[in-house]
């Protein structure tokens, strides 16, 4: 069975870290497929990352292994964990990044803790701790991870239990200027208007349904409420910053 | 036979869309090679994309399948098409993005229409319509595409027939500040000077042929007329914006 | 034996060049793994690239082949070379980009010169000269390269011999605002303070060891002295530009 490893980080697609993940994977001799799902989560923004990852999860292969890293506490006390979610795994810090994925999943999460190898860099656990575990899992081996008896010991689990409703914020402004919220579209009827930045916006199915430059809302391709403008930047039109 | 799928889009290499293309490909179980040819066409700029793609096409494997998406009309009335161009295929919207590729090719184009799967997102046909067809083609299957009897029904074909001469504009300003035009270099003799932004520029073979900071023109590595400066930004020197 | 080809360039991850490297590799029929180690070296900055590449080299597979291109003199008189460094190879311009890698290596470098194919573009040797040689090497063939008898003929060798100490400059400002110097961390005791931009900074092991926003220095994940701030941008705090 081939399992894909998908990276989801704030490492920056233009920076020196993503290439090192790929190099480290090749260095192990593994030839499992690697996908750069997204590397430009706003730096340190665990909350935005949590909703975005949860929304993108269903678009990954059913048995994908996610290495998810938005980790301002790297090197400190937060645990390194692996979360088993149906056939998928999430490997990364126990800081809440995986909480929405757990909360939105129909599968019950199983938690595992990782052992950090000795003598590694304290500031690049993506490369030195999480990736090696993901590669073991992709090879069908549990390696050095250990099952957690009491899920209550895991911050991710507690955060998932405490979630009340979706994140109402804009969690990502894309390069077209579309504003992606943390609100799942299933909860909203198309005849509803929404209010953002003091403006009332109506629903439209897609861009050409409104005049060029006009803003509207719709449910986007990962199931989230998004505000767009036809062939224009909604961010600029509404003066919202990314 | 292994066939490479090459992506050419305005999805943005720093955004959330490219990773989803790769994830969706892996989700089908396909292991065909994927190449991110270019993802930073200026947003919605079909014309710039058309010349750039046509110029890059010859540098792809002879049997490559291009998923080309610059598609402000996604979800609307423009057709989803596949263009057979010799052994290569181009899959994407029928909005003119492929018109220069057709016009510049020595092979006659054959057109096919796609069926959009039911219940897909209306705003990400790259992932949900074009990519699945490309994967079928890479696997040697025609899948759900249907041959077009009358090429005149296809906008791309009509646009290709109406093209008169090359695009004289700057179609891409690269990150060094080089200005890439839509003009094919074969048409220009090296002793000719060119005029841009009120300045007369002479030809040089490569950067070191002129003093540091000086602008010149040459035929670039994809056959287009390009304006550069030696170890400096021609865009800044000539005050041209990308 | 599978050998990975790793790219290290100033081609820009958002630009039209990286995709062409990948396409050209696929066009040869090679299926050797390709890693985009880093493509955003500051344009033309050979010195910054030299230290950064040398520091990252150990994190590549032991038999990796690097195509390294920061090459403002492309098309001119500088030689195209291949450097054999233990089991790894570096392929690129003889302009000093590989000098730190040679100087910091415990293996003695062997130098080879390449022949440029006839009729190629004068401005994209990464695609047309260096990559084909790297693919030959990955396939276990020496192809058209020729062993250099006298290392003194090679600029890279002379530059490596003349290096005195590490590069004290900031060679990379990452997207978090961390300042990466060219100074190897092995030479510095943790109790030492360092001075940058008129500020005295103490050592800390990792981010959470200091208050949010405070700057400190540490040895980063590729062994270089780096200045960071906890959950903030050291570049902004110290007013240092990238």
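Each chain gets a letter, A, B and C, in the order it is written, and its residues are counted from 1.
In this section, a residue touches a chain if its C-beta (ideal position, glycine included) is under 8 Å from a C-beta of that chain, and two chains touch if they have at least 3 such contacts.
Since we're looking at a predicted model, the values are computed, not measured.
If touching chains are joined by edges, the resulting network of the protein chains shown connects every chain directly with every other. Interface note: chain A and chain B, two copies of one sequence, contact each other through mostly non-matching residue numbers (shared numbers fall below half of all numbers used). Chain B and chain C carry the same sequence, and matching their CA atoms takes a turn of 120 degrees, rounded to a multiple of 5. Distance between chain A and chain B, defined via averaged C-alpha coordinates, is recorded as 30 Å. Counting partners per residue, chain B has 13-14 as the residues that reach two or more other chains. On chain C, the positions that touch chain A within their shared complex are 2, 4, 6, 13-14, 33, 35-40, 52, 56, 59-62, 64, 172, 174-176, 180, 205-209, 218, 220-222, 230-231. Those residues of chain B that touch chain A in the shared complex are 12-20, 22-24, 26-27, 31, 43-44, 72-77, 121-124, 127-128.
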